[in-house]
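For reference, the structures are reproduced in the following blocks.
Below, subunit A partners subunit B and then partners subunit C, in two separate complexes.
And now, the complex of A and B:
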């Protein structure tokens, strides 16, 4: 069985759960082709929490949807590959893809208020996922599902029991009673917990969390992040955490990828990135974030906006907003170069940035 | 939920009272009265005054109003001015005809509209969608009586499949009854179906775009389960509302369609009585038509408790 193979591979350690290679996801529009994801490489090792940071409109969510395989039409992946446990997701049949989706790769969305179906009980929405991906002997055919919807789901089946267990795992009080509630009877924080319960109900190998705490109060945010970390260990799940909030990244992630206008511009171990940010965009991002320990420091916003992702005519997408840009930046495609101090604690020699003006002496512009 | 239903019922009763009041005063504000029409232009002042007294029209409006209201409450609908028949009897003969036509039209309309709307939404911008859209726009732009005339000419006169005139009681057999109401039923049902189809299509398209539909996709739910289990119930909410409101179209349609097909229904009764200033009949006919409308919309409100858990559990006010 595939799941056993996975466990066996994991023991060897170090095999990436997810490899995204030169991924291009595009949306044809009347005004031209939107290159939302424009040649992204990304790796997540087993058991890691990897952050993906960037402003709104940088293509983070489309990257997430490409990984899970739910890019909305007319968007499509035109180039590159997404490999899950070494197997290409793009080459899979639709049926297999659907089986992986929600079972071994699952997703939590930004807006908990609208991401749960208002006409289905919370328990049923979790139980449905379990029925779909685990062998609990309950049919998932259309007539069976409609019957369940009309006369109510069996409350003594394995799927329902699992739903209650999951609600308990995400610390919903009185999970047995609350499972029969509809989403509108839950608060925002509880709905996001329910979403997480749903996403983790089949113990996925990879959880893609797209801004999971953005819509929540700060106090709830911290709780949810803490729970995510705890659940990661409990269910042995790797997490791709997408956010625009650097504090969230610093708090939770092992490694970070910084995304700008469809491209990754810098990646590093979390500690190294915050200690020694290299790419001018990352530096700008950190400089424009309020720091509690330096309340007097002036915030320095990055001038300008994320460009429209249609036909960007310059090589480095950040060049027009970059304080250090030279003429070459507009003309020469920046490759990743090793940056930072590889002897510094927490660097690990994996710190890279895609900027002509960074990197080893001699190569730097 | 029971609080919600009680509230809706109280609301419906209030609306009916307002309709009755408006009809009463509205009718009397229309120039002309029944007496002159009955007696002719040459009638003497004394004759007119005598008849007015007989009919109770010489009383102050307020007195007439209170009298009518109390009569209504005990179920006395009064007597027709022109034929001295009980209004209750006249109406009892007319209501089954109108209801048959309307019920046939609405059933047919919904049976056509909901699948057509679903096809339009799920095959957006494909030939089937265009066909449904064009048909719906034709339906919206053609009044019921015009559809009725077309149907009568084609299926009644040319093909001779259905009777062109008249109505057969259901007591004389289901098939003759059905044959009598098929054409008028289609005539009122088509414009109705058109409106509901448009609503079904746009509502389902909107629902399919909702974030919870993306959630369903992300957890690996298949296409048909997603459509019928996850989307349908949400998409039906606005459709049910429109289906209730559009009933006015059906009831309005029957008034003219009954005349096209020579059926002595409520609509026919209403038009004739208005022309004769036959106040008691007009009042009751309008009251009944609005009563049917209000009652159906009350059913719609109650149907909401089945469709929308937010209403059922009193979380949000619909």
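And now, the complex of A and C:
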């Protein structure tokens, strides 16, 4: 197998690490076409943590899968582009994409138990990634891999050592001993750390973390989030953090994108978004989230449910649940408009919302 | 009054419920001797324990190899009339098992559970049945807790069939809300049968029927419209000397009554009567949870144990369900035991909170009290770990290291001592608390036997291609397992820690542990904390709060 050297092409210029442009990912079903991602633009600059927040069914996981290139059949990207370091991931050859994926882009999933191989030790799984993507002088041919899986890997090999270092970096106690454990011997939090260790073992430029703390307790969540931030600095990795939890986003991310029914509806610097949420959906989300320090505030749920993503007949997907919707909202496709107070601290003039009823005077409905 | 109520299980409705504006009121509540019961909490537990045997069989028991998971280990708890008690804790702390043991879904290993003063601990299925009417449950996963092959109607009717509902409740007053059309000039008296509460759900002990009286279409006499309730109720009109007498009575078979009530319940929880014939899979998660709640309400319980009822739902839907639960509680006077891991949700719904850690309740307090001034170090750490939306609400975070220890062999003394940031230094420690905490973590790790010198040796040898001595292995162990630097302790302590490291490297774990126990002793390990009452009916189990606790020499507080 030819090794494709992608590491040599790293450049730390000002270009965004990831650019998603007008992306459409669809799933044909018997009932019609599910437009899970329906025209999404998203950029991630180097060294940034960008949040993607939305409820279940908003298409945020499919967006992540589209970025990493693991959309499940029969889903396909029908339009748009995903550029990584300026180069289209959709246009590159399979072999090259495979080299990029895992090496320079990696992913952490919500459920670590289902994403780790139960029949291999944790150390071996990390070492395997290292051997595939980094030149450690260990063969990745089938016989060599088989031998390692059956007999066990050499415990003094570079790849294995790297695995231990990574487990140490994510603060797994006794990494030397735990590397030889199987996933079921790990607790939930440790499994998630192992996943992160594996994802970061090749020092990727971009880490896509899909609900990485949702299955964990708050105390463990706090540990993992703290670790992700630390690792971002240590490995200089940009992170796309996907979650339904507004508070997690508020604490962790530099910028936030709010997604609803396949579309991004609002984006801003984190501070600006939470200080002055603009889109009615974002406002509704915040109003329905119970907050520890505001016990007397009544919860104001958003009426109704997230729509089926098949053939949504109205222009603004949120219109039927929106308390402010007018007739025009059902008919005119909302474009992004600058909103919020661009002079407010932490705004940076990048606060945008896709809503007809927001934006500068004169444009606003 | 046909009082076919379950034996010995009648709840006493609050006798002083307000007098509604009713045309006819059935004020009689014969056989109600409930005044004395008011003092009793709806549900209480004392010393409740639930242990699970891990052994698989005879041989395990003989050799003593199987462990015992102490899921719930000595819990005292009270759910009072009309309140929401939240039980909060991390996964694996035993909160779900507690909820199930309280409802006798698990036979408790020890301790007692009382429903309104009557002991229900370990009752058999049939003996428990009358109580089940009053104690219902709502589950975390709405879809998994609804039978996929039954219609929503069947699901909601199920509990009514089991408990032979709807029956009439002697404590429920029946009444009518009458609207008389202006065209009817003669007075109309309406009386309602006592057993109409079989068809019409009661709110705060009153079952009200909507009655609309107008002139009959054929011009003779009057006509009575019962609205939707007309499906199961009938009105008989008698002409009297000075007007009309209308009598409302039940006119339906029991299955029809049940179906009608199921429909009313669905409407009450925000669904539609037309949903009766749909299947659970045709609903969204939030709607499924509404069905689960309707099922729990079907037998008009006093108390609902809700085990993570909103964890599987999106925030916007979660808020709908939380609001619904609150409405139902005010309206029906329900008591609620709300089990959750989410402190923000607990803050929103609870009146009182019990914080659970490794099978024990470490702190209980009224909700405002607990969040304003948490006293147990575990509660403090939990609260500080919750992410906040508003940056102004964030404080310095105490990130707890490690995860919850195994409930098979919980730590001695205070169970939280292995992770507690405020662990108390024992007599003889002459550094500050912070350095004690560091040394104590090392002790905990040595005692737990999790250090593996052989693996460390292998790695050292792989790195340097030379054989590693006990000395270098010990140095590496201290470096990785001891937070901070080893020489930042008082001289004697540093020496003992080094020695302990060498003993571990030489494989003499027991000696190392003994040495460390001597070097960094703590009353938190030696003695379990008492549960002490603080102000405002809060209880805390922590040596730091107990004025009579051991360890008088608390350095660095």
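Methods note: the second predicted complex is superposed on the first by the 351 of 365 C-alpha atoms of A that agree within 3 Å, B and C clash if a C-alpha of one lies under 4 Å from a C-alpha of the other, contacts with A are read in each partner's own complex, and residues count from 1 in each chain.
We adopt the following convention: a contact is a pair of C-beta atoms (placed from the backbone, for glycine too) under 8 Å apart; a residue touches a chain by one contact, two chains touch by 3 or more.
Source: prediction; values computed, not measured.
Participant: Given the alignment on subunit A, is it a clash or a fit between subunit B and subunit C?
Facilitator: fit
Participant: In the overlaid three-chain picture, which partner chain does A:185 touch, first (subunit B) or second (subunit C), both, or neither?
Facilitator: first
Participant: For A:102, decide between first (touching subunit B), second (touching subunit C), both and neither.
Facilitator: first
Participant: Looking at the overlay, does A:362 come into contact with subunit B only (first), subunit C only (second), both, or neither?
Facilitator: Neither: A:362 stays clear of subunit B and subunit C.
Participant: Under the stated touch criterion, which partner chain does A:70 make contact with: subunit B (first), subunit C (second), both, or neither?
Facilitator: A:70 sits against subunit B, while subunit C stays out of touch.
Participant: For subunit A, which side has the bigger count of touched residues, subunit B or subunit C?
Facilitator: Touched residues of subunit A are more numerous for C.
Participant: With subunit A's C-alpha centre as vertex, what's the angle to subunit B and subunit C, nearest 10 degrees?
Facilitator: Rounded to the nearest ten degrees, it is 70.
Participant: Taking the superposition as given, does A:290 touch the first partner, subunit B, the second, subunit C, both, or neither?
Facilitator: A:290 contacts subunit C only, not subunit B.
Participant: State whether A:313 touches subunit B only (first), subunit C only (second), both chains, or neither.
Facilitator: neither
Participant: Where does A:149 make contact in the superposed view: on subunit B (first), on subunit C (second), on both, or on neither?
Facilitator: first
Participant: In the superposed arrangement, which partner chain does A:137 touch: subunit B (first), subunit C (second), both, or neither?
Facilitator: A:137: touches no partner chain.
Participant: Aligned on chain A, what is the least Cα gap between subunit B and subunit C? Give it in whole Å.
Facilitator: 9
Participant: Both subunit B and subunit C contact which residues of subunit A?
Facilitator: none
Participant: Help me check something: in the complex, which residues belonging to subunit C touch subunit A?
Facilitator: Residues of subunit C touching subunit A: 90-91, 284, 286-287, 314-320, 322-323, 341-345, 347-348, 367-368, 371, 381-391, 393-394, 397, 399-403, 445, 450-452, 455-456, 458-459, 461-463, 480-481.
Participant: Inside the complex, what are the residues of subunit A that reach subunit B?
Facilitator: Answer in residue numbers: 68, 70, 72, 98-103, 106-107, 109, 111, 114-120, 128-129, 132-133, 140, 142, 145-146, 149, 182, 184-185, 195, 198-199.
Participant: Please output the residues of subunit A touching subunit C within their complex, sorted ascending.
Facilitator: 55-56, 155-156, 161, 164, 168, 173-174, 176-177, 180, 187-190, 217-223, 225-226, 244-248, 250-252, 271, 274, 284-293, 295, 298-302, 305-306
Participant: In the complex, go through subunit B and note every residue touching subunit A.
Facilitator: These residues of subunit B touch subunit A: 210-212, 214-222, 224-225, 228-230, 233-234, 307-310, 313, 315-316.
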